[in-house]
Structure formats: structure tokens, C-alpha cells
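Two complexes are shown next, each including chain A; its partner changes from chain B in the first to chain C in the second.
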Partner chain A sequence: MRDRIRSVLHQHAQLAQSIEELSDDADLYRAGLTSHATVNVMLALEDEFEIEFPESLLLRRTFGSVTAIEQALSSVPSSSARP
Partner chain B sequence: MVETALRLGTDIVDVRDVEVAIERFGRRYLERVYTEAEIAYCAGGPHNGAERFAARFAAKEATLKVLRPTDWRPEWRHIEVVRQDGGWCDIQLRGPAAALAEQQGVQIVSCSLAHERRYATAVVIGARTPSDRDAPIAQATSVADSEAPSTDHLHTDHA
Partner chain C sequence: MVQALAAGERGAVYQRPHLGVDVRSWEARVAGVATCAAQHAARVDTEGVFPAEAVEAMRAEGLLGAWIDRSMGGLGVSVEQIAWACGEIGQRCASSAMVFAMHQIQVASLVRHTAGSDWWRARLGEIAATQRLIASATSEVGVGGDLRSSKCALQLDESFGTVTKQAPVISYGLEADDILATARRAEDAPPGDQQLVLLRRSECVLEQTSRWEALGMRGTCSHGFTLKAHFPMDAVVPEAFARIATDTMVPVSHLLWASVWLGIATDAVRRARTFARDDARRSGRTGGSARLAHLVARLHAFRSAVHEEVREFSARMHDPDALGTMAYAIRVNNLKVNASESLVEIVQGAMLVAGIAGYRTDTPVSIGRHLRDGLGALVMINNDRIVAANASLLLASRED
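Our next item is the complex of A and B:
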């Protein structure tokens, strides 16, 4: 799962440094993730994992690190899966 | 620290980022962030309306910096930029955004948007109703005070 998350971040996060240089726990906002880029990351993750983030997960910390994204994706209820 | 009578929020957005998001995600992107009225107005602009959309995204972000959400947050669509006939814009809060403003004792009193080919920006001013805990004479916010504290809000940058 982490490789797929990193691939999405590589394509959409527009970080100031390469995602390969960042640890799983590195703060993505400190690495340059903007609010607007977060929207793109969210939509791209939904495409990649065929889910829809519920409003309860649309928090800043949800997208704060690779680990946080992984935990959020793992917690997405099955009802949020796309038909 | 004494809470001031005014709160200032500002944001800047790269128009190209919005253009790319529209190209990649289309209606999903638009409908996740903007209201139907905003989409109807902006889509009529040049470059898929990207400049107008970018200015509105900046305004929503600037508004969030004024509202300072912490443990819960409104959707982007609950903050609407309403364009008046004269050309100026106002901020309309709905649902959780309106509730947050009420909880904070803040009323959005003014906003200003600007955009050109590369960047869009917005400034939003909120007036706060002084509470019993405030100093007798509330002061206008300083530049340093206008930087919102770190929150857990998805949409707020503090750079």
C-alpha cells in the first residue's frame, strides 16, 4: 500500500523535495504540501484505491505523512468503496 | 494573549494548479470544492475558468484562516464566494462553517479577490464580537497576529 501512496504523492503532491527522500513519518506539509495539492492527492488516492474519503477523514492530519495516509485508508469504511 | 477584534486571512493559489486539477479530475474536483453557483459563474471564464476558481479557492482558504477550525471543520462548499452585481464579492457561510463562525463569535465582514494569468489571491476580514475575557479595548490585529495557529484542518496552510 505504501508504494501506491508514494506513487500518488510523487504525481500529485508537488513537494519541494522528492518523496523518495522522505521517510514514511515525514511531515508532508513541512515538505511543501499545499492545501490545493492536498485536494489533488485526495482525489488521486480515491482513484487509486477506488474509495471515497468520508468527511470525517478530511482532516489536515489525514494527509500529514505516508503513515497517516495509510492509516486513514485502512480506516475507510467499506460503505465508502465505490460501486 | 488578548484576542483582537479583527481577524485577517489571506491566501495565494497558482492558477496552473487549478487548471491541472480541472483537466485531471473534472467535475469531481469542481463539485468537491465549489458550489453550483460558483461553478456556473467561473466555468464561463477563460482557461476553463481556472483564474476565477483559483481566486475562490484562495478566498475559502483565507476564510478558514479567519475561522480557525480545530477539531472539526467545514467543507469547502460551505464557504461560498458570492459575486454581487457591482462586481465585488461577499462570503456566504453555510452549515458547519456558519456554526463555526457563530461559535467563534466571528462575522465575515469583507473580502477581496484578485487574479491574473499566473496567480490568484484573496484577503478576508472577520470581525469578532468581544467576549468577557477580552481586554476592554480590542485592537486591530497585527501582521504577526494574522498567522493562524496550527490546526488539524485539512485546508489551512500557515506559511
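Our next item is the complex of A and C:
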């Protein structure tokens, strides 16, 4: 799962440094993630994992690190899975 | 280099009614300030000077410590009460009200994001006790007006830091006692990794680079500066600015600006009503003005929208998760767009009701200053930029 998250971040996060240099717990906002890029990351994660984030997870900290994204994805109820 | 210009000359002494210390109600304190602001509004606008008398009245009434808790020597009033005060002062002098609003936004950002620190507790106590006026240096040359992006960076050694910022605008920068500035956390940090630093004027050198000659809001004296500062490390707010912006600075700015604008609209409608009433008396017509009736309906809708958003923030303000959602960001952005458009429509409508008497600048029902002050609402954080941000956020958010 983390590899797939990292792949999405690599393509969409537009970080100031390479995602490979960052640990799973590194603060992505400190690494240059902008709110605009967050939207693109979120849409790409939904495509990659075929889910829809509920509104309650559309928070800044949901996308704050690889670990935070992993936790958020794990918490998305199965009913949010796309048909 | 211009050596630190002396803090603004204080205006004529405001005579606070002698009713004892601390017993006056918030309403009475604000009424005193509003009356003072009204007396100087025309000159502040015409000459483009800082509303020194009104700000001195705010100091005398303790208003600059309004958001600071009573345990630290402030007045500890609610966001609803502060928003109401913006509207009351805004009905008399939009520049005074905007200075008041901008100061409260800076104080709110500090109060809500420095809890638990003795240094900040003492600093906020000092702001309340000596009624220090706080300006903001958030905009920067070369970042395209993006609050969440900085070019300048904090240079920190063990106990002191320095920063140099090209600020296209620091409203009332020459008159402020403190300046709250954004900068990148360090030289190697990306543009969005920002922190706030609270600078004393004595720690700053301000080199003025432009003069504020604007259509309206002329008393805010939003000149441009090169800001150079040398400050103690403690003055850097530890929390990331990203969080402060989302949870406090952006929502509180839009709430308090909208409250000031509501004040401008309220007074424009009042002037239209005065004209319509006098006109009916003169002409003997008792049917009234349908245009005025429509205008009052628009004003009531505007007022309801502002009040609802102030209540909404108040309900969410202690729950960061409730403030940090994309849905709430969209909502707050919409308040800014709706409020600024409502203001301009209402003021233009008031001008049509009052006719030539409203168009003239020398009548009691003149709407000219309201129109000029009100147009600024559309461009202080341009509505086009906010709509573009919402368009992007709406790709993600599903809340209706």
C-alpha cells in the first residue's frame, strides 16, 4: 500500500524534494505540498484505490504524511468503494 | 537606509467617560470609539491619513486587547462581539474599522496558537496592558498575492534571528507597535513551509518603497516597505503558519472584513432611507420607494449571512478538525465573495435611491466614500483568485 501511495505522491504532490528521500512519517507540507497539489493527490488516491474519501476525511492532516494517508485509506468504509 | 521611523504620532487625547475601571460594557466602549471615528472619518478619507484619534479611543477603551483573555489583562470578549464592533465602527469610518479588524485578526492568530507558552502569555499580557497595535506583513513581492507562499526566510542562530522582506503592503505599518510577519521557516524550506514572527517596531527597520494612494480605505495607510528585522528566537510562533492560516487567520479575516463591509452597507442604506423620507415629506408622496424596500431586503439577507458565518465559526472554533476541512474552506471563501459583491450592489442601489444628492460629495446623504471604500472589498484578495481556489477545492469536496 505504501508503495502505491508513494507512487501517487511522486506523480502528483509536486514536492520540493524527492519522495524517496522522505520517511513515511515526514511532514509532506513541510516538504512543499500545497493545498492545490493536495486536491490532485486526493483525486489520484481515489483512482488508485478505487474509493471515495468521505467529507470527514478531507482534512489537511489526512494528507500530512505517507503514514497518515495509509491510515486514512484503511479507515475508509467499504461502502465508500466505487461500484 | 531609513532608521526605524518613530511610531505614529498619537492623535488628540480621547476623553473616556469617567465611570470607573473595567465596569463599562463592551457596547458602551465600542459606542465611544464609533462616535470618535465618525468625527474624523471625512478628514481621514480626504487627506488619506491614519485614523489616529479613533485608534487612540480604541486604546483608551481597551479594545486592542479585546480578544485576549481576562486572566492576561484583556477584555476576553467573544468573536461575535468583535464582529459586531467591526460593523458599528464600519458604519462611521471604514478605515478605522478595517484597522480595528486587521489588529484583531493578528491578535486572534497569536492567542489561538501560542497557548501553553509563558513567553507568549507575557507578550500577550503586554499587548493588552499597553494596548499595542499590531500590523501584518503577510504579502510579499513576487509571490503573486498568495498568503501561503513566502520568498523571504528566517535566518536563525542560537538565540536571535533576522529576516528581510519586500512587503508591497503593510497596512498602518508606520503607526503599529508590532508587526506580525510570515517567512519561510529556514533558508532551505519550500515556499509553503512558513512561520509567523512577531516583531517589535524597535526591532525593525522600515524603508518605505511606495505610498498608499488608493480610491478608498485611504486611512489604512497601506504603504509598501522593505522590512528588515533582528529579533529574539522566542518571537517565532512555534506552530506552522499553514495551520494558523487555516484555523484562524483566513476564517477570522473573512468574518471580520465582512462585518466591516456590513457596516458600510448599513450606513449607505441609512443614508438612502434618510433621503427617501425627506423626499416623501417634501413631495407629499406616501407610497415610499420600492427600490429602497428592495435594498433593505438585500441588506437583511447580507446581515443574516454574516451573522450565520460568525456563529458557525464560533461553534467550530475549538475543534481544529471542523475548521480544517475543505468544505469549511469553501464556505469561508464564499462568505468573502458574497459579502463583497453584496456590499457593492447595496451601495450602488443606495446611490440610485439618493440620486444626485447621493452622488454629490457635500450632502449629508453622500454615498461616495461608501462606494470607494466598498469597491476595495472586491480586490483585497481578489474575488477571481478566491473563486479559482474554490473551483479547485470543489473537485475534492462533496458537501453541498
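Some observations on this one:
We take it that the second predicted complex is superposed on the first by the 83 of 83 C-alpha atoms of A that agree within 3 Å, B and C clash if a C-alpha of one lies under 4 Å from a C-alpha of the other, contacts with A are read in each partner's own complex, and residues count from 1 in each chain.
In this text, contacts are C-beta pairs under 8 Å (C-beta built on N, C-alpha and C of every residue); 3 or more make two chains touch, one makes a residue touch a chain.
These numbers were taken from a predicted model, which means no experiment stands behind them.
When both complexes are overlaid on chain A, chain B and chain C end up clashing with each other.
When the two structures are aligned on the shared chain, A:Arg30 is found in touch with chain C, with no touch to chain B. In the superposition on chain A, A:Phe63 makes contact with chain B only, not with chain C. When the shared chain is aligned, chain B and chain C each come close enough to touch A:Glu55. In the superposed model, A:Ser74 lies in contact with neither chain B nor chain C. Residues 29, 34-36, 38-39, 42-43, 55, 58-61 of chain A lie in contact with chain B in one complex and with chain C in the other.
Of all the residues in chain C, the ones that touch chain A in their complex are 148, 185, 189-193, 240, 242-243, 246, 321, 324-327, 329, 389, 392-393, 395-399.
In the complex of the two chains, the chain A residues touching chain C come out as 15-16, 29-36, 38-39, 42-43, 52-53, 55-56, 58-61.
Only residues 11, 13-14, 17-18, 20-21, 24-25, 28-29, 32-33, 57, 61, 73, 75, 151-157 of chain B touch chain A when the two sit together in their complex.
Residues of chain A that touch chain B in their complex: 14, 29, 34-40, 42-44, 55, 58-63.
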